[in-house]
Structures are given as structure tokens and as C-alpha cells.
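Both complexes shown next keep chain A, but they swap its partner, so chain B is in the first and chain C is in the second.
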Partner chain A sequence: MESEARTLPSAGRLSGAARLSRGPLFGRAHGRFGPGSGGPLPPCSQENADPQKTAFLLRKQWALYSVTPLYKFSSGKLREYARLLGAFIAAERHKGLAVQVGVDLDIQVTFSSLPDLKGSEQDHAAMLVQLSSRSSVSPKNSEEKLMWSGWFCCVSGDDLSENVPEDFTCLPLFLANGAESYVAIVGSWFQKTFDCRFRRLAISPLNLTWMAAMWTGCKVEKNASATELVFSVPCLPQPLDISYAIHPEDAKALWDTVQKTPGEITQEEVDLFMDCLYSHFHRHFKIHLSATKLVKVSTAIASAHCDGIIKFLQSKYLIGVLMLLTELAISQIQ
Partner chain B sequence: MQRRQSSKNSKQPLQVRHSNQTDLSAWRKGGRTDPEKSLQNRQSRNSQVNESKQDSLEQAVSYFEKVQDRVSLKKNEVLQKHLATVESIALQKGLPPEAFDVLLNVALSGKLADAVNTRLLKSLIPASVIPETSVVSSVSWLCVSKCSGSIQLLFVRWLITVFDFIDHKEQLHALYGFFFSFLQDEKMCPYVCHLLYLLTRKESVKPFRIRRLLDLQAKMGMQPHLQALLSLYKLFCPELVSITLPGKMKTYFKNSEGPWKAAINTIRRRNQENSPVSQPLFLGTAQHQSRKRKWNTQLVIPASSANTNSLAGDKEKNHVDLYSTSESFPVEQLQTFSQLLQNIHHLEFPSQMGSVLTNPLLLHYMNCIKDESIYLRLYYWMGQTLQEECSWCVVDSNQYEEEFKDFLETIYKTECFLQEGFSSCEEFLYKSLPLWDGFCCRSQILRLVTWIPLSSFSEMKSHLYDPLAQLFFTSSLYFKCSVLESLKELLQNWLNWHVIQLDSESDSQGYSLNTTLSGLVNVVAELIHFVGWISTVALRLESNATFLLYFILDFYETVCDIYLRYNLPLLIMPPAGVFYPALLSMDSVSLNQLCYIMYRYRTNLVAAKENELIKKKILQFQFSSQTYQEYNQYIIAMVGCLWTSSAFQKDIHPQGVRLDDEVLKKTRVQEFKTSFNIVYHPAMMGYALLFLQQAWPDDNTFNFSLIKGRKWNWYLQYLYAQGLKGLKLFIESSINRVSRASQSKEGNVQV
Partner chain C sequence: MAVVRPFDKLPALNSAAVLLVGSDESLQQKLAEAILKEKKNFKISIHLATSLPLPSERDHLRPRIDLIAFMIDIKSKYSLKNVEASLAHVDASFFLGKVCFLVTGVGRVNYCSVEMNAIWKLGEVYCSPVLYCELELEGIRVATAQRLLRMLQICAGHIPGVSALSFGLLMRNSADE
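Right after this comes the complex of A and B.
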């Protein structure tokens, strides 16, 4: 295979770093990535997004959730929602103690809109929920400490938003950073208030290979961090992870030989790309990676774990990654 | 005497309302001279004892009415006597409505000693209802604080216990603020909370009251009674207050039933009538979590609770009030069907649609409201829950299989109630059937299959038939029968749906969506062909098991009647692989069933032919001549077997039993011709034997050939009397007996 000769993996090391991950068994019923179907490359530019406004989203681990459309949500009432959620959190924390809505509480809730995070005109503006604690010593003027944040977004989610009536707001992707107990409280409140349902969004190995290929193909500056793929070996008494790191330029060179039409990716191309990496690995270590499970992909663009955790690294590609995740979330809902 | 007057006024309607209660109507208060009231006494069983008791109660009440000053109990025998009378009658029969005014007055006015007051209050057991006015007037005594704290407390406890016996509560609601002020009394507080809990309506919840309760909470800490009241406030006004109840709490109020409850129950039982039953208090806020699981992966059908999302602002905007007074009716209060009817114009759906699954009243409501968003909310919730919980699709969820079963069961029941399948459930089945082991939650899954809506065949084949067939062929006999049963119900549900569509066709669109009549016919036909195919294979696999055959023929009992019963121009004959095993079955039940089915096919085909002749309109859906031909082939074989003993010669079906004489001779079976007629047929021989025994009790030779001529007719009558109704219908309709007198066994077939 021609492309195989040109790859030069910079490192291939075995590590016993244990991380057991459960695989989601629900395959996507109607794969948009079915053989032959062309998936558009994420738009690499972000004309309308101000990098500074979204900078705080980078370099954090976000747990992914899918959310069904919110019923009777109104973006004009964010302040009201913040008051209600604040009281709800306080009541949940002090179980059994009633809390008046609107009074100063030790946890401050803010709702804000992130209008930049959009893919199409139909997309609803993303919404950020932040919980911050106030120091109890001097309630006034003291800086608030951010404890938890979560945001809802929809980037090019026309598939979903075109098909629901007016009463519903489509923000199918939810990302949370912070203690899971707060996800539980905030999520419960949203579920009760807007009759929606949250579900963890796992990323299947197939989709991870897509991410690996797509992100490998993106242009990044020099000295970018290595492209790393982590595989987990199934059916062993002790969990075993294999980490496969490739120099980003080598990976890109390989991808460029595989991809035929710029701007379009097919399942065959992704498979071929991975097969090349696998056979290279096999030549060196005599291990068939195709028999293992891909659990994590990290590139200079972003890193994604099959458990449904993502880290954005480049604000330039933020929208593109979100678009893919939105699509995954929608396919989990529908 | 103002108060007295009002109680008299309220008495009249009360007595009329409860005139069926002998105890009550027998009671007269100074009414001996009142001619009107004597009417109401007509039905009382006036035994001497009763009469004297009533008299003494009246005397006692009038004594208490007039008593002026503090009278010592010990010294006053009259007081002792009257008090004892009230107590004993109260315990035996309860007190009539009219007595409460007087007795409450005297007990709370402080005229008598506390010991007397206590005894009086304790004996306030209602026979039927308590007039609201008497309660209101006694509350006014609390204001002037003539009575001691312990009497006040006892009164409030009494009020809580008998709350449901108070005939009206409007004026009592007006006193809400008054009761509220009693919260500051530490001893009274728990009971007052309970009383307020019973009285609270949405309009009672005010910010200043919330603040007051929160102050109390700050002072006294977490108190269950405060929690209960506050969570009720939250239920009504989530925009003002928030509270989460700890899961383990069971009781929120101290027992205030005191001495009354038992007596009330005894009297109610004695009167044997349906007096108002106190409704159990329940707070939907606390979910009982039996065990720890990850957030949101627990299967909890949400409790019905009012939509917290409708904040004051948009209510005014969106609310087009047809009834100026109408506030939306909170779902928590919806308990009875009559409430539903009364409030149907301003009922709101719960904040989480999933809760309708366990609320039949809301399902009724859902049935009348055609709103897309209702179904969409349910669709998303149910779809996600099913996928999240599916026992065989999600790792680690095996242990929750029981829970999942219950959930599927609930969905199925709801579908039956709505007579409609949920699309989320359909999608779930399509996604999960290929992964199903055919064992986990079997009966639930197979029941849900019965509500799969009609859709195009290509979808059904790959999503339903293929995975089902795989499981079907590799599973037990019992599983096969269950699948057939499900598919029969699926077919029936589709056909019923079609009938309803026909009915509403005149209304407007009829087949509105993507279903045309011919599309429907095709899809139904595919289902029937599918069942025919798996039935044929299954009969071979299971060596023509009678049990299996029963389920297969049961399916065809629906199929053979589609044209007449469901008005759908479709008739499909069973495949030979089903027909012949049934015809040659060892069991009379199967044979009888087959006879009935063939009779219904005949009736349907004849009706179709007649309709074709009359109106040429629906020629589009004419049955093909092939259907008639198939029917005729079967009927020839059947009559040949059962009647004319000519099956081996006359059967013309390619898969039939036609055999050359030479081959038959080689079997060395004598009288092979008759071996499948109604006497010799293995399924019938038992009957023939019994018939012989009855007809010729002395003959032990079992000479079956005796059954002929007139005996043949007797034998038929005997068979019919044994319950072989299908056989009767078949013979009477499909066999043309040329001359009954000559007993010519010549059959004739015609369609």
C-alpha cells in the first residue's frame, strides 16, 4: 500500500494505564456516515465567532449529554430561570429546608446567552449556566468563585429544529464541567421545568475514527502536540491500554494521500486511514489494533474520549467540532 | 340568637339531602310541632328506645343551649346526666348536624369547666355532616380567647379529623389568615400547619406568608409539619419558594385523629353509606429512591405536578380566558373523573408528560386533546427512557430488569387505553429487536409488538419480521405460540384502526397520512403471508403440534373474516402447509376450528361476489379468481375427506392428498377411501366409538360401517350436540345434500 510507506509514527508505546470503559451498545440506527456518504468537513473558519468570547470553553474537560427539545423555554426569561434554579439548588443542598426564591444564596446562578456559537440561522443561541460560590465572610464585593458550568448548544442542528413545533427549543448538546452532583441538580431542574431528558452522550469507536481522520486533516501551526490514539484491549483480566502517538505532520501526510476529494470525507477513506495506521503498528509490535477498541483520540484540534468527554483546544475549530457533536446528539435523540 | 338562626337555615337542605339516613331524619329538634318536618320522619323506624333516646338528646342539647353560668360538674346531677346522654348517643349513632352549633358554642365559650368542655369536644362525632356555620362561629370563640389553650388545641385537632365532614368550606377558607396567625403558638403550630395544609389553595399562597413560614423554620429548624406546608406552597407557587423533601420522610403531621376517628369509622360502618372519605395526603415532591444509581439512569415515571414553567408573566399574555374566573386547575388536585369533567376547560398538563402514564384521568384528557406537542413531549421522554433502560441493550442493566418490565407493562397498558401505539415505542422495538434474545421481558415485548402502527412493508420486513422470524424458528414451542398470538393481535389492531378510519372518512380526510387503501391492503396482506410462512415452517419443526395449530388457526379465524367484519377487501387463504395439517389433524378441536374457518371464508367470498354483482364500484379491489380457485381446491379436498370419501381421487391441490389407487393399495389399508370421513377420521373416531356404544349398547364389535343411512344423520346430530359447531356450520353451508331422505352422501361444492 503506497500510503503505508510514507507514514512515520514517532512513537508507539504500550502502557498499562488502566482505564476500563464501557462500550455503548446502541449503534446509530441510521448512520449518516454510512459507506459512500460524504460527510462535509467541518468549516475551518469562524467568521462570526469572537475567539475571546469563547476562550473560556477551551482546555477544559466537558462531559457530553444529549438533551431532547426544551418545551416552553423562553430566552427572554433567563434571569427568572436563574432565580428559580438558584432556589432549587439551595433547596436540594439543604434537603428539607425551604428556600425563598430570589433571596441571596451562597450559590449564585447565572444564565447567559452565547450568540456566537451557532452554525446556521435556524440554530438557537447557545446558553451558558454557571454556578459560582460566594465567600460567606464578606458577601458583598468579594469575588465569586466559579464552581461549575454547563452549556447548551446547537450547531447546524437543522435536522432536528426543522421538525419540531414552535413551543420547543432545540439545544440538543449539553456540555458540563464540574462536579457531577451539580449536573444532576441542574439537569433535574431542566427536566422538570422544560420536560426534556438528558442522556450521557457516548462516542462510538466508529465516530472516534472519524474524529481522528477529520482532525488530522485540519491545518495547525507548527509544534502542535502529537496525534494520539488510545486503544483498550478487551477480554483481559487486567485492563490494558495501548497508546499510539503519531507526529501530526506524518498523520496529515498520510491522510492527504488517503483523501480524494477535498472538503468531503467518506467512510472508505476513514477506514483506509485507520487500516494504514493499524498495519504500521502491526509491523512494529505484532499487535492487531483492529481487534482492540479505540477509546480516545487526541489531536491539536480537540480530544475526545468514548465515554463522552471532550476537550476543545483550538477556538478556530470549535464550531466545527460542535457541529459533529450536535449531529451525534441529535442521532441519539431521534 | 343570630347564630342560632343561621344554623336553622342551613339545616333544611341538609336534612333533605340525607333523607336516606334513617338515623338522621329520625332526629327532630323541637320539631314535634312542625308539620313539615313530620314528613321527614315517616321512614324512621320508631322503636320506643330510639324515640326516647332522641328525646333525651334533644333535652340535653337544649339544656346546653340554655346553660348560663359556670356549673360545677360534680355538684350538678342534671349536667352529669345530659353530658352522659350526649356522649353515649355520639358514640352510638353520631350527632346530627344541628347539635354541633350548640355544643361547640358551649364548649368553647368557657362557661363550663375544662373537664366538661373536653368531654363535649370529644363526643362531637358527626353522624353525617357538620354545618360550616357552626365551625365558623366556634372559630370566632377562639378569637376572644375565652377558653383555655388545651381546649383550643383539642378543637383544632377535632377540626382536622372531621375536616371532610364539613359541608361547605368557602367561609372557612376566608378564615385562612386567622388560622395562619395561630402558627406562632408553639404547641398549636403542628396542628395548625396540618389544618392549613388542608385549607391551602393557590390563592392562599402569599409572599408574606412564605416569609413568615421561613422565619418559623429558621427559629424551629426543620420541622416535618412546616416542610409539608411549605412544599404545598411550592407546589402552588414554585416561583416563590423552593424545597426538596428528604426521601425517607413518611409522616409529616402528628396524629391528630384523637378519640374521634375510631368512633367515626364505627358509625360509618353502621350506617353503611358512603360518607365523604378523607383523601390521603400525598406530596409528590419526594421520590422514593430505593437505591443509588447514577444520575438520571433510574427509571422513575415522574409524578404529575403542575407546570412550574408557566410564570406569572406569560400566563396573562397567553391565557385567553373564556371563563373569567378560571385559573388553571392544578393536576395534583385531579382525583376523580367528575373533577376532570368540571375542569376540563382549564386543565393544564403536568410539567413532565411522562407522568400521564400512571394517571388514567390525564389519559382521558389526552384522548380528547389533539395537540402535537403533547405527543412530542411524550415521544422524547419515552424514547430516551426506553433506550437508557433497555435491559438487553445496556450493559449493567440486567439487575434492573424487573423495573424495566414494569415500565414496559405500563406503556402497554397505556397503549391499550389509548388504543394507539406510541411511535417512540415502535422505534425502540425496531432498534432493539435485532439484539433481543427472545427471553428477557418476553411477554412485555411481545405485547408491545401488538401496538406497532401500520407502516410500509419494506420497513416492517427488515425491522420486525426478519428479527422475529429468526427468534421464532430457534425458540421453544411456547415462544412460537406467543409470537403468533401477538401477531394476531397486531393484525386485529390494524384492522380496527382501519375500521375507525373508515368511520371518520366521512368527516374529512380518511386516509390522510401516507396510507392509501391499497397500501393498507398490501401491508396487511404481507403480515398474513408472513404468518402463513412461519406457521408452515413451525408446524414441520414441531411435528404438527396441536397446541401450535390452535394458535395458527386462531390467527386465521381473524383472517377469514376480514372482508365482512372489518370491511377490508382482502381474503387470503391459509397455505397448504397449514390447511392440510389441520384437515388431517388428530384432534377434533383443530378440525372443528378449520371447519369454522372454511365456513367463514365461504360466507365472505359469497358476500364479496354478491357485492360485485350489485355495484361495480369497487372493482379495483375485486378478489382475484385465484382466491376463489384456492378456496375451491380446499373445499373439494375437505368434502372429499370428510364426506364423500373421495379425497384421494378428487383432491386437485398440487400439495394435496391425491394418491393413485395403486399406491394406496400398496399401503394395504382396507377401506382407504373412507379413512378420513367423519366416522373414520382419526380426530372423529372417538366420537364414532361413543356413538356406537350409545346406539348399540350390546354390540361390542365396534362395527363403524353401521353408521350409515339414517344412523349417519343421527351421528351428525350427535356430533353437533357434542359442541362441534364449526363442523355443523361447515356441513350445513358447504355440502349440498341432494336428498335428505335418501341419505345420498353426494356432496357438492359451489362458490
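Right after this comes the complex of A and C.
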């Protein structure tokens, strides 16, 4: 117990040092390896992505997972993987571990590549896995219905991909939408086939404050939805949530007064921004929000929950948000 | 509003006083109880405060404070702000080994609301040891209580040959390695 408590601080200290600053927009990091080594950032990679192709990722709740590098994964074999995973799911259902017992559903598995979701040259193309159902009674006239989807991606994950041995593919971030039981089945197939490990990726309140600050600073249209922060009050007999909504233009104006160098964000700036919001709230309601836990941040860009749930709202900033999430996933694996 | 000073009062015979400063009163209480449960051969008085400065009206009744432990909960940014504000009301000579920072909640990184770097810096700036613990777990709470008690004995001058300052330096050296 004691040794466990003692080893933690050094880990905390490292990650602390790594978070001193983030580069442009949602950037990664000059910080990670100290100032200077970050070099120029990929020129607005979000422009490259075709918004049409990634539109289906928006406005859905995705549960976040971190995945260790995949061993002997080949993007040329996606068809074969789809067949194998389909057979695996059928076998699992046969074993009685079925997700829906009694319903005769034919599950169709498709694997596809999402080459647009990339931050840098080294990043592996994102991969989408979809499970759709078709009633086996009348396969002809019934339409396929999408039941579950999950995708692996890596956006500017160079820190990880540069450091893994050959034969390993880095796709550290996994996002799933649909029944959790399918995550378990698909996850166990991936774990068996590629010797990787899935873990739920929670977002700490500290990282949520980063998101609140970074997303507030982004330009959005005039009638954007309000920036909302949800806090949960600890140590109470019944749960109490406080919702703090700010007009996006007011929030942006505040952020603009806080941020010193455009294109770079520091921990101090994020702290100052949050402190300003907290002290404003305290002036009106006499509640110290800094003593509560920040559980959710929603802006016009995206919304994130500390349990590890994200919803993307703007295709323009999709890559930027994924970049930050990839960074969090990598820090969880390392 | 009085600044807490380490040497403005005479020490009482065979006794020591520790001051716990932190915004979470229930955790403070638990730690104080754990300290009291430990076996010891001197009289201990534990003073609890949510923040400094201490009220000046009862100052003449208070014994000499031998050790101040500032409690920070990584789940609450307020606890850190509170400690930072309280530090201004501590006399500089206290920082010659008679102050420590007790960081609780360590191990729950997913709940972290404060930057660990900020805590580490606090220890650097105030030349005081930072102890990491999880006061909500009983085993670690007991171990932390024992640790604090040992430090308190040193700070109160009960251990021959070891002063608070030399102990503080020892802690710093081991932390730097």
C-alpha cells in the first residue's frame, strides 16, 4: 500500500510536466517533450477531412476506450477480419452468451477504413467496424439495420507510433456507439486476434477544464448553443448537480482576455479562465465551484462527460478533438 | 489576524502540538482520530483549522505549534486554493522543517481536478516535504498517521540528535534523488 502511494507522485509529476502547454487549437504539444521539440504543427489538418465522409460520426454518443497497439494487424485484410469476427460473434451467440436470446438475427460485420481521420503522416488510417442486423426469416426484403458501430483511430499519435516495435499498429483510441455487450464481444475478438487490451478511458476533471477552455476559444457561428458546464457536489446524502451555462460569445470574450499568445494554451491560462468563471458564480450564489467535481462540458464544438463519453458536434473540429483524445488514450496506455 | 510563529511560546514538557489545515473537515477528523489511536509516550494536542489565520482571541490558550500539515485533496481545486491562501499567514521560520503538505486522493487520477505539477511546485517553493496518501483508505490513513506522528516527535524536539531542519533536509535529499 505504502509503496503504491509513493510511486504515484512521480507518475503524476511526469504527466504534470507534460501538460504545461498545448499547441495551436487543440494542440499537441510542445509540452510533451519539453518546449521546442514539438516543431511546427500539422497545418490545419481539419481542413483536409471531407465533412461528408465523417458526418455520420457527429451528434452520436461515443464511449471512449484506450487500446494498446495491435500485433500483426494488416489493413489489407479487412474483408477477412470481417468474416472472422462475424463467425466469432455467431459462435458466441451459439454458446448461449447471446446478446438477444430468441431473436433470430443475422449479424453482418463490415470493416472499413476511414483514411480522412488522420493528423500526421505516421498515423495509421482509422478503421470502422459496424455490426448490422438482418432478419434471417426474410433476408430478401428486409433492410439492414445498423446495430452497433465502433472505430479505432490515431490522430497525431507520433509519441506512441514512433516508439513501438515493428509488427505493431498504433490505434490507441477506440470509440463505440451501441450496446455495451457488443463492445465486450468485439473487444474480446480483437484482444485474442491482435493481442491488445481495451480499457475504458475516463476524462479527469482537469482534462475537462482543458476542453472547456480550448473549445470556448474556437470560432463558431452566431447562434451557437450555450457553453454548459455541469458540476457534481461531493459528500452529500443525495446527488446534486449544478449546471452552469454561459453564452458562447461571453465565454469567448473572457477566454480572449485570458489567452496571451494565440495558438498556444498553457495550464495557467486554463486555470485562470476557470477561476474567473468560478469567482463569478461565487459572487452570485456563494458556492465554491472549485470544491466540486466538473463532470461534463458541452459546447458547440463537442460535449464530453468525465465517464468517458463524447459527442462531436462540428465536423470542422473533429480532428482537433480526436487529437486531444488520442493524447489522453496514449497517456493511459503508457 | 495573527501569523502563526514556531518559537513565540515556550514548549510544554513532554507534549507536542500539530495543526491540520484543510478544507475537508471530515477527512481531517478521520486523520486526527487515527493519530490519537496510535500509541505514544507524550501528550499530543491536535488542532484543526479549515484555513489560516487562526483567530487571535484564543491565542493565549493555544500551545506552541510544532508542526503544520496542510491537507490538499486532488479531487478539489478549492482545497489547493485554500492552502495557498493560508500559507501567507505562516511565519517564514516555520518552513525550516516544521511544515508538510499532505496530498490525498492520490491514485484516483480520473478524479483529478488539480495539476500535480502545481502541488509539486508548492513543495519546492516552500521547501517542505510533500506526502502523498489516500486518507479514505484505512490502511493508508493509519500509515500516514504514524508518519505524521514521527515527524511531530522530531519537530517537537523529542528525538535527540535530529532537528526539524535536519530531518527536512534529509527528506529533500531523498526526494531529489
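The rule is simple: the second predicted complex is superposed on the first by the 276 of 334 C-alpha atoms of A that agree within 3 Å, B and C clash if a C-alpha of one lies under 4 Å from a C-alpha of the other, contacts with A are read in each partner's own complex, and residues count from 1 in each chain.
Everything below uses one rule, namely that contacts are C-beta pairs under 8 Å (C-beta built on N, C-alpha and C of every residue); 3 or more make two chains touch, one makes a residue touch a chain.
Fair warning: this is a prediction, and the values are worked out from it, not measured in the lab.
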Contacts of A:293 with chain B and chain C, given as first, second, both or neither: second
Contact set on chain B toward chain A in their complex: 210-211, 213-214, 217, 222, 226-227, 230-231, 233-234, 238-246, 249, 295-296, 302, 305, 307-311, 313-314, 351-353, 372-373, 376-377, 380-381, 383-385, 387-388, 393-396, 427, 430-431, 435
Chain A residues touching chain C - in the complex, by the definition given at the top: 1-2, 4-6, 8-9, 12-13, 15-17, 19-20, 202-206, 209, 234-235, 267, 271, 274, 288, 290-294, 306
Residue numbers on chain A that touch chain B, as the complex places them: 22-23, 25-26, 29, 68-69, 71-72, 74, 77, 80, 84, 87-88, 90-92, 95-101, 164-165, 167-168, 180-181, 183-184, 187-188, 191-199, 333
Complex interface listing, chain C residues touching chain A: 23-24, 26, 75-79, 81, 103, 106-107, 109-118, 120, 130, 132-134, 137, 139-140, 143
